[in-house]
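In the two complexes below, chain A is the common chain; its partner is chain B in one and chain C in the other.
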Partner chain A sequence: MHQAGIRNTNTHLSDIVDAPRVAYQRHDFTLPKTLALQNPNAGPRLRLRRLPGPVLAGALIPAAVPVSGTPPGRRTPASPSHGPGGTASASPSSQALHPPETTPVARSWRSASAPESSTTRSEGESPTAPSRPSRCSRARRIPWPRWPGWALGARWEHVMGFSNDISSLLGNPKHAPRSIVEDAKVVLKNVEEPTCLKAAWELIEVFYADKQSQAWLPERLVDWLASYDCLLSTTEGTVYSELVDLQKELATLQVIENYQKYWEGISSALAVGWLHIVVKLLRLHGSYQLDQLGNRETENGLVEAVAVLVSKMPRMRPELADGTLGECFKTKPEFMKAWERWRGQIAKLECSAFWIQCEHDQTREGLRKLLQIMLGNTNSIIDASFNWMELYGLEGMHNLAQKCMQLKPSSQSHELTSLMLGIIGENTEVVLAECSRSFGPWMVAHAIELLTIGSNGAETLLHEEQYNLGGISIEELYRLVYAQVLSSHALTWQASEIAPVYLMSCATQGMRLLEILLYKQPVQQNQILLKTLEICRLYDLDSISSDIMKIAGVHQWKHGRKGSGVFWLQKAQDEVRLNRISQQLFDYVGKSISGNSFKQWEGLIELLGQEAKTVGGLDFLHKYRDFKKSLQQIKDGKASDAARQAVESLILLMKNPSTPQKFWLPLLHDSLKLLRSQPPLLNVSQTNLLLNKLQELSVARSRPDYCEPNLPPEALSAVRLALAMNLGRAFLEE
Partner chain B sequence: MAVGVEPSSSDLQIYRLPQPKYIDALRWLPHLSALDTHIALALHDSDADSSASSIEIHALKTLPNPPPLDLQSLQSSWTCPSRVSSLRVSQTPQKPLLAASTLDGSLHFLTTHPVNLSIQSEVSIAEKGFHVGPILGVDLLSSGGECVTGGEDGRVNLVSVGEARLSYRRLFDSEGLVSYTAVKWASTAEFATGGLGFSLQWWDQRKPGGSVSQFKGGWGRGGSSGIVHSIDIHPSRKHTCVAGGSSGTVFAWDLRWPEQPIVLSGIGTGERENTSPSESEVWEVQYDCFVRSSNISNVSSSRILPVMMCSEDGILAVVEEGEEPTEVLAEPCAINSFDINSQNPSTVICSLEWESVAVITRQ
Partner chain C sequence: MEKSLVTLQQDAHCSSWNYCAQRLAVGSVDGTLSIFDSSDPSSSTFTPTWKSKVHDACIFKVAWVPPEYGDAVACVCADGSCSIWEEVEGHHRVAQPHGWTLCKHFDVHAAQVLDLQFGFCLTSLKMIVAYSNGDVKVYELQDPLELKKWELQAEFRNVIDSLPITGKVSCQSASISWNPQRVESQQPSFVLGFNSDLPKFNSSKVWEFDEAHQRWLPVAELSLPEDRGDQVYSVAWAPNIGRPYEVIAVATSKGIAIWHLGLNPDTDGKLSVEKVALLSGHEGEVWQMEWDMSGMTLASAGSDGAVRLWQSNLNGVWHEQATLETTSS
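Coming up: the complex of A and B.
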């Protein structure tokens, strides 16, 4: 894969398509106490492995968020019209990630049965696909090694797509319409309050990730403020809170233009650039009422003129959303020209003679103040705004923040304002610390993605391997922290296997930590064990997988589930342990195998398999079973063939070095009938072999570790006698 | 609580209903009226210390178009002393009976009200001698009278469900030498079990002392051997059972040719390698009577009927002998269990690893 270079060894979270979504649902976990960061120097540096299978831009529906419509990029099994892989709605960048020939293919539900399906299918499938249906869909969640050769533009686009995905995940649609309401008196629509998390995310996006927004930062801030000013009102006064108050009173007021707060509200809304609210409020002016239009014509003209001017304010931004006012200009020269023209119009209105004819004092003063604000009179603006962030938003220049704060010092600091301070100070560490403090590990782990794209300084800071962090980068550190948080909960670890996805994106320590966590998984429950092994399979962790099987095997064995124990140890090909347990198994067999109870052993023997080289000498059981079967058949009266087979099995067993010594006597005792048969079934050499074994056995009996089989006391002599007699008969035969 | 998602295409409607807990098992309940359908969920809350497991009965609204916001409502709930390993429902609309086995080796029967399907009473066997350790397979005769269990401890027990009391008898005890991971009735007297090493056993409760016939899972040898997780037997083909297990394996075992399994899906099985929809554990298999239900009688009796399977790698698919598998659902997380509505086979429910239930309607 790639050699160690900062860019190349890092997997970016924006490539892990589903993980952040699921992870977000559980982002409120507290950090587990038990899982400390492992010693980073403990393991060898492991490189990311590239895993088979396409990564598809599948989207998960967050449990808490109502979603209408199929999420973009979700693979829709029955929608062949969606184009290759049903990813038509996925972003261009994500398609770039997935070459079409590996994209899993949407299949028509009826494709197997409907005759016309062949055509439907070929539309949906790429040329190479028909013979090969999708590989495992799970593979879609595997991180994709990074973009070594990506153009910067594509990277920007990709990160922006990621950011948008996260934003939409975090809650209600961006810039929710606030006052397009039918009720004329409702200026602020009661929408669900946005979360601070989303506000913070978008703030970071505005400053770091959205390349286009650099040119029209002030406008972006106006938008941001429009959406999230309400959040700031928890600690201090804001335009939003003022407007909320005003709206409450609007319902009861008769002649609103006499009311001071009405004009203040309009000024404030104008100062922060919420043009539609300004216009809406202005149109509530009493002079618009039909019965008053006659004698307040001039006044009404002035109000309307201001309203028109407000709604024609030139704005430098790529596009305007529906329902927002102003004229949009994309380039700076155009904007400047329009801006000058617009200011000229205001100045003209300001100097017009109509003001003298306006008899309503509040209207006159209020409107003139609005004009001052539009002309950029600083004092008027300061009066109209409430805190420095609002002020900053409309001043719209980077270095003014400090000045703005002095103008509007705030007593308490809101989490968003602290974040803003970090951003303005261009101090990445402060931003991260704020994210971590206020919004938790989820935010940090994901925000880094945005922080690094725009600035080289931040990228170096975050991607550089730091000695005091044990050789990992800050980015990786935060990801590891978050992965540990995820690992602490069953849903995000065992169930969703989300934590491994994050861990795998940590180039240096992730794999090591994943290994450690895998070892800690419980093996008692079959299902959980199999799910753990599945993670090992996905990440090619064969040695861990075999270790876990060994652990499971021993656990099962110790808890009396011998078959299960043998099964896992066999799968792990653990000869050492199989040998050890085979001794115990033989003890058990020696006690329990007699006559009918052999039925119990059938299954285990089948499990051990037919092949001769089953590990651990357990193939003895297999032969023993065959021998027992033949003996059984002799009893049932099918003598001749069965007897010959039984003798063969007996000789094989006795010859086989893996047959434990303690079985020799029981075996011979079982075959007394064979030994006594006439004419003799065993020839001279076979009988001699058995006699030799019997001799060996008598020698072994004198040893202290010999354990007497559970047989009648005269067994040995009976066998010896039978063998001697058989030898005599065999001699005579030959 | 629940959120409806617009159907993704005209002939397949999928609704995902997020749940607050992990779903261990789920089943349709037989219903008397066509308007209301009910499902039983075995849930486990990994956050709770006690009373973490429960069985809940939910009413599932019939699925109109556009979907209502709330598809599902809790009818009744029963707290289970241990985590449910397997859940079965008798197909008797007059007196629906649920059997739930647990990882602690206890077996619980819940009787439900025939109309609103609320849980009315519960009887259980939890004594030590019944099973030691997890019961992995349980099956209820469709009439509800008798229940068979198979456990990791290697015991096979028959439980008769009387009016007021339960009684059980041990049919077999392998003393841990063999573990049983799945069971399924074939008739009132016969049933099949599955276990480690892709083994299957055929039993006849009239013949005690061991299985009548045994399938040696020898073909899956050499490290790729696996575990049977689920068995199904079609009422019209009692000589054949299909089994699903590790490595995407789905195979059929015909008692008339007991030595030759018919592999429907699975990796590393020769020429079929390319047609396996899944590579990991197949958690559940069921005959899918929705596919080609019209010409079922024309198919020869040796042909395996279409089988639906769900897998750890997130696939819900229908596999058929000699056909390309048909994918119904491909999820980014595991599909742990599913159930086809026997009264209306076009609807399928499945439980997703990410704590949600998917309801699929086929047209």
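Coming up: the complex of A and C.
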């Protein structure tokens, strides 16, 4: 039905517009993707959550971000690296992809039972087993890629990949399912409102990270504005808000071309480059009505000519999405050629005589204004746009920004506006400050990755180690700050282990902070303790691991769980405390060898006996227990065998370097009966060994730190006499 | 976003979190010591699990013993005595969920205890005690498993020169802060300042243990010549996660000074010092200061009823980052 109109137009205007004969179908037009009415309920959204961070107020981190497949947190330390050449797993693309999520890990965290950590983390492997070479220990050696040997191209590509990953993580606009018959009067689609965070991220990407976009920056800005102009509506008037208003009225208007706002809306949409909307609105023009065609042929021809011109606007960009209007040109010469031709066509149309024949005043004025905008008439453009950001996007040149701002000064500043100001001013510090103020530590920590690649000045500024910051770079500082935010929450600290990954990517100070954090973990609950030790093992933090085991050991020992206490102290190789424990046990065993309560201690010594081989002290206690048992048997009358065993035990004990010196005399004193026995139980060499030990002991007694055992004063002389007599008898025997 | 973690009674006078912030010890005006615990580590609601009157007078300071030595706190009492209490459950005791017992009681002798802090050294646990007569005593734990046996290791006064002090010195308060770094290569050190009537006692000095001669030496003085006599209310040594210098906060009547302390001694064995900021904001006395675990944020509480958070910006300029005001007077 409209074909007639078009054909008509073409017969008259074909010399002006050599556009292909587009088979125009009324319902065929898609609108800028995210240009949308606010609908907070449409689909999953990115939620911003405030965490109880100890360090900085306003800690915003993106949460509840669905990542395909596995729960991201779980994947983090073990996920294969993303970076080209398989760099460390701490490369930005692999790690930053996992902003803390809530659901899956939250569940496992809350319901986790004690064995959970060891079974899921390292199958069949003790959590305190000797460390295997792990990905994460590699991560420490290559903290966060500094791109040492990377070709610049690869680096750009990698950063862009990283940026795209983050961008998609921040949420893609969800479109409402397209109905088969679209309402022609709906120019703006109901889609989910994008977030400022994503808008800010993409803005930084456009200016710093996307090398390709430098050539077609204006087009990138047009795209950006199409996506995010709605966000600016909160603080100032925008084309978007105007169109929203217009759409509301479209439903009720009968002769829309008589209506001033209709033409203003089209002008505005054209000024910011939303070609679809322009064309769609133009084709709502009354002259397309079947019953009108006869009377308004010329008028309709003009409307359609402008619509065709708009839809054929040359655009310099690598590609155009399907259904996007305009003609795409990849190189500047091609674009310039097409641009000149297109402008020529506009100029021709502008001067054509058909305007005189157009009787409808509003249409004539409206269309001519559109032509002026397309020709770049500044006044028309200023009229059509609402704020300087829109105007700037249009002009698309850095040094025009100031002018644009003067032309459309803002009363209130939107967070995105402030960010844009920093970017335009090429002031990295302002950009960072705005990121930090408006979007929180997550944004700063990650945006730095884009800022550094986009500008040498920024790279120097952000990577330079500064005395004022404690010898670290701004980049590391912001990453540390974000890591602390992550560390302050159980989900991102332990359950998903993201915080350690971030910390270890801070080359200078991250490890110390991780150590402090690990040291401050509670040890009372086994499950948390094992998890903490597992993190120590992953990052080869042996010393802190030993401290934690020490704390656990002392806690258990002092809270009546002696066996567990000794177990952890042995793991910690804490000789000092183990020796103290064996002394306590020795005293006790010595006093109560025949008592009933010995049974209780015997069990403990038995337990220690198997584990204690490597660590001194308790090994001795085990032998001492055997020795005491033999002595007991002698008392009970089972003489000869038991006596020989007792002598063997005694010699073993005295030879063993792990036997504390302070026990030598008590041991010998206990053995007086053996030493005095006739015929002698000890041969010459055995007796000499004991005499030597006694001599050593006499020397040691003169030292100030010697601790006198609790024995009768004549003990030493009694032992010496018994040994001398035994030596004599042994000589005679041999 | 504020959430109440714990509700203390009116007579609570001082409090201290343990190393992992899972337990809170609170000292009261009437000499009662209370311990608050959370039911499980993920919960952040704390309820009292043990309470007992441990002194006859007000407890004005509680300090946790480092966790390697058990769950124990020292209480400093207004009558000048102090005591160490420990949670122990032995095999011979009846199963009791939280059995806190007295390990050690230090009676009042010549002077009252003003402050007491435990410092972790590699070989042993050291305890620094500052007295009202200006004495500083360093005690050492003899048995790592028993908090009963303490031995006096050193005794000195908070002065750089060794000139004899004539007349009686009277100190109202003292503040000790250990260097929190646990590095094997480093000797134990701490900073100490007094609030006394003798100017040369007051200024904060950094003391370091000289292993070779088994003695403590003053290695730095944190005060400008014109401020030397200023009474010190509180000192706090910041954790260092990799800075090429240490950071120490010193609160006097003039404000909170932030000091940088060099890491390498000069030929005299002294460390270089630089005052980088003087922070004003508190009206009246600063009672207590604490650093966060990265040493980037300082929290201070004062008689004006406010807690203030201080940070340095990218240019190294210190400023007040936030203020937490008490809601009721």
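Note that in this section the second predicted complex is superposed on the first by the 428 of 734 C-alpha atoms of A that agree within 3 Å, B and C clash if a C-alpha of one lies under 4 Å from a C-alpha of the other, contacts with A are read in each partner's own complex, and residues count from 1 in each chain.
By our rule, a residue touches a chain if its C-beta (ideal position, glycine included) is under 8 Å from a C-beta of that chain, and two chains touch if they have at least 3 such contacts.
This structure is a prediction, so every number in the text was calculated from the model and none was measured.
Once chain A of one complex is fitted onto chain A of the other, the partner contacts of A:H559 extend to both chain B and chain C. Of the two partner chains, chain B and chain C are each touched by A:Q525. Using the contact criterion defined above for the overlaid structures, shared-chain residue A:R580 touches chain C, although it does not reach chain B.
By the touch criterion stated above, A:R537 is placed in contact with chain B alone, chain C being left untouched.
Applying the stated contact rule after C-alpha superposition, one finds that A:Q484 touches chain C and leaves chain B untouched. Looking at the shared chain after the overlay, A:H446 reaches neither chain B nor chain C.
In the superposition on chain A, A:F567 contacts chain B only, with no contact to chain C.
Touched residues of chain A were counted for both chain B and chain C, and B has more of them. When the two complexes are laid over each other on chain A, chain A has residues 109-110, 490, 525, 559-560, 562, 600 in contact with both chain B and chain C.
Of all residues in chain A, those touching chain B in their complex are 18, 22, 58, 60-61, 63-64, 66-70, 74-79, 104, 107-113, 131-141, 489-491, 495-497, 525-526, 530-531, 534, 537, 559-564, 567, 570-571, 573, 592, 596, 599-604, 606-607, 609-611. Contacts from chain B toward chain A in the complex involve residues 3, 5-6, 8-9, 11-12, 16, 18, 22, 46-47, 69, 103, 132-134, 136, 152-154, 173-179, 181, 195-197, 199, 201, 209-211, 214, 216-218, 221, 223, 225, 227, 246, 274-275, 277-281, 291-292, 312-315, 318, 320, 323-334, 353-356, 362.
Across the interface of their complex, chain C is touched by residues 50, 52, 54-57, 109-110, 429, 466-472, 474, 477, 480-481, 484, 490, 508-509, 512-513, 516-517, 519-525, 528, 547, 550-551, 554-555, 557-560, 562, 576-577, 580-581, 584, 600 of chain A.
The touching residues of chain C, when paired with chain A in their complex, are 1, 3, 19-22, 40-42, 67-71, 86-91, 93, 143-145, 182, 239-245, 292-297, 312, 314-316, 321-322.
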